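As structure tokens, the structure follows; a few thoughts come after it.
Labels A, B, C and D are assigned to the chains in the order they are written; within every chain, residues are numbered from 1.
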Amino acid sequence: MSERPPKPPRQERWDRRMELPLAVASVAYLAGYAVRVLARDHLPRLGVDLCVGVVLGAWAIFIADYAVRLRLSGQRPLRFVRTHLVDTVVLLLPLLRPVRMVAIYDRVQRRRGQPHLSLYARVMVYSGLSVSLLGFTAALTVYHHEVDAPGATIVTFGDSVWWACATLATVGYGDVTPVTPIGRVVAVGLMACGLALLGAVTGSFSSWLIQAFTREDEKPGNGEGPRGDPPGAS
Amino acid sequence: MSERPPKPPRQERWDRRMELPLAVASVAYLAGYAVRVLARDHLPRLGVDLCVGVVLGAWAIFIADYAVRLRLSGQRPLRFVRTHLVDTVVLLLPLLRPVRMVAIYDRVQRRRGQPHLSLYARVMVYSGLSVSLLGFTAALTVYHHEVDAPGATIVTFGDSVWWACATLATVGYGDVTPVTPIGRVVAVGLMACGLALLGAVTGSFSSWLIQAFTREDEKPGNGEGPRGDPPGAS
Amino acid sequence: MSERPPKPPRQERWDRRMELPLAVASVAYLAGYAVRVLARDHLPRLGVDLCVGVVLGAWAIFIADYAVRLRLSGQRPLRFVRTHLVDTVVLLLPLLRPVRMVAIYDRVQRRRGQPHLSLYARVMVYSGLSVSLLGFTAALTVYHHEVDAPGATIVTFGDSVWWACATLATVGYGDVTPVTPIGRVVAVGLMACGLALLGAVTGSFSSWLIQAFTREDEKPGNGEGPRGDPPGAS
Amino acid sequence: MSERPPKPPRQERWDRRMELPLAVASVAYLAGYAVRVLARDHLPRLGVDLCVGVVLGAWAIFIADYAVRLRLSGQRPLRFVRTHLVDTVVLLLPLLRPVRMVAIYDRVQRRRGQPHLSLYARVMVYSGLSVSLLGFTAALTVYHHEVDAPGATIVTFGDSVWWACATLATVGYGDVTPVTPIGRVVAVGLMACGLALLGAVTGSFSSWLIQAFTREDEKPGNGEGPRGDPPGAS
């Protein structure tokens, strides 16, 4: 959240060069973890080892990237950690890393000259994708830690996804809930991050709807409901 | 969400001509489905066949309309599907179609020269009606799929409506919850669509209330509370 | 919600003259109903009759007032009902009437020359009081209809108040929930009205907080946190 | 909420002089209460007496401070209570007092010349810290009153924290809920205060996100996602 100095050119170059490898490593990490968790009973010994290898390899890439960035920044380690809090958290919990890929998707779309989405639509797409990835990751982690716990109500991955959706929407039926300490910590994290992002989606949708109705008011000959292209920012 | 070119005149004419038939087909579809689901134990063989016939007939009309629109647009099918995502989803899930009727109601009111509602009131009415239709449709579908499931807690249509209301308000008591996969997928859809719309209702009401209080402040001789006509936009 | 013509002077005079009697009748109605519901096991025969008498008497006053207003408006009955929807609903459900007393409280405060509250504070007080009255009324009605129902979880008035609070905050634990059809209809009404009002409270508080922080920014020598008087409107 | 006259210089001086002692007393009160509640089974007789002594001593400081403020204000007691409602509530429920320390933290940061946070970031930090303290305090109090109640579902402090998080996020699973009257009153207080504060966090985050996206739009050459420093106010 604190002010950050403009990046030196070498750091910019590093950022650009590492974009693709980091994205691939993020997907590999998530995929390796997902296969390890979801297919644990059907996986041969070799498959488990492969998954663990992929996960650890991806993590190694993240750590190396963090170290290079720390070096290039020329800051003392403690100060670097303080000014890059989000990066540090993501280093320790790499499951959160794929959420950053939404930014890359947005950038690729822009380079390909795709029609630029309006402000509210972009906030909705960005937050919506982040929420989906967060929910999937949380469902995966909670399932991993709950499935063997005594007295657990989350016994299939479907239960876990159902629980994550009910939590993100703040509905919270309570028919399935985590009972292990780790599951509950993940749940609290999901509430905290997810609700803020979902609030952004809802708020943007609401603003977009009101803008759509306002625009419609200004075109008196228009007999159309508020469908079609959402209004731009301005 | 993406930008759409202005409609050619032939498409405009088609839109206007199909308005009434599509509205009738939407109501017929919903009514046929509702009768089929709610009266299934009391309906003679012929009644069931009639309901299924009405539902399939309405669906055929939707498909024909979609095909004509695709033809008139002059676009390639894939591109048409991408630029008309909402229409495509509604084609596959025609139960969502009656929600569009709210727009028609609004247009009819306007043609009859009814007093124009203020911006916030219109957002509230539009979103409120959409939410009601969505909730009714979801309650119907969930009841249809849950009623015979083992271990189901939603055993009457009343339970299903009660569940839909508690879900839309994000209260989520959890005394009755869907247990089948299809029921849960419908529930997640209801949360996603419903919450955004309900957020629009709440946000508009809140903005309207603040405007009403502001307006009252500017009339110092007014001893009236914020009742009466809501303030217009701007 | 629709536009309303300015009131003729005779109606204005009637409004002013009936203010106090209607307020007294509202309180009497709510008090009579509350005593009847809460003390039903400890009340002698005479007490029950008295409560019922007070309730019916207050209702008669409301009906008479509605009839006079209809007469004074010079409108046809059907049109009057349509343009005074809120009044009509309140006539049929007089338990909602005390909510209007919040407006009277506000007016009395103003006549006594009390320091005028800022815009957001007023929205918060008005909505907060309305929500409290609504919640109390709903808790009363639900308790009345649930207490003797088979399988009810709301068995004391405390349970009912606890349920109403959890519902209004959209927390919805689900440890106590209404099971009778009437109780559930009241619950849905409480969700609908209550959430909108509570959204207004939350939204106003949020706006007030941001304004307080903004104001603080503009006074650089001020070492005070955002306590003290909330900023005015505009 | 009402307008407050500017503070006389003697009161200002008292405020500044008492800042540190009050902060220390607040922490001592909370710590004493926490140790007393959490370690009750492992604490020797002397430890319990020490905790109670610390709590009562801190309370005495709060009462003395309140009395001096009342004296310095030169107002009649009743009027002072009415114009300092928050201070009076905090005097009676000193567990809420540490929440005020967030303001002190902010002031200390500013004196040390730390980079000033942007408006939205400050609202988020302030509200987030307040919510955390409130939740911790509520979890502590509820655990204290529930742990020995018959039929309680909150049997460990972990359960209590889990319940407080689910309540603040309005998720409300209902797997653990307070059953004692005092526990439920605390829960209602937590809902009321917490939701408003959390609404401020969510609203600020949403506004910040939209501002970040807007700013990004204005820098067309920028290929970066909305990370980095949040935009300032205005």
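Criterion: contacts are C-beta pairs under 8 Å (C-beta built on N, C-alpha and C of every residue); 3 or more make two chains touch, one makes a residue touch a chain.
As the structure is a computational prediction, the values presented were derived from the model and not from experiment.
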Repeat of the C-D interface, chosen from A-C, B-D or A-D (over half of contact pairs identical by residue number): A-D
Fitting chain B to chain C on CA atoms, where both chains share a sequence, rotation angle to nearest 5 degrees: 90
Same or different residue numbers at the chain A/chain B copy interface, by half rule: different
Centroid spacing, where centroids are CA-atom means, of chain A and chain B in whole angstrom: 30
CA centroid of chain A to CA centroid of chain C, Å: 42
Chain A residues counted as touching two or more neighbouring chains: 166, 170-174, 203
Footprint of chain D on chain B - complex, ascending: 170-174
Sites on chain D touched by chain A in the complex: 115, 117-118, 121, 125, 158, 162, 165-166, 169-175, 198, 201-203, 205-206, 209-210, 213-214, 217, 223-230
Touching residues (chain side chain A, partner chain D) in the complex: 1-4, 86, 100, 102-103, 106-107, 110, 119-120, 122-123, 126-127, 166-167, 170-174, 177, 181, 184, 187-188, 191-192, 195-196, 199-200, 203-204, 207, 233
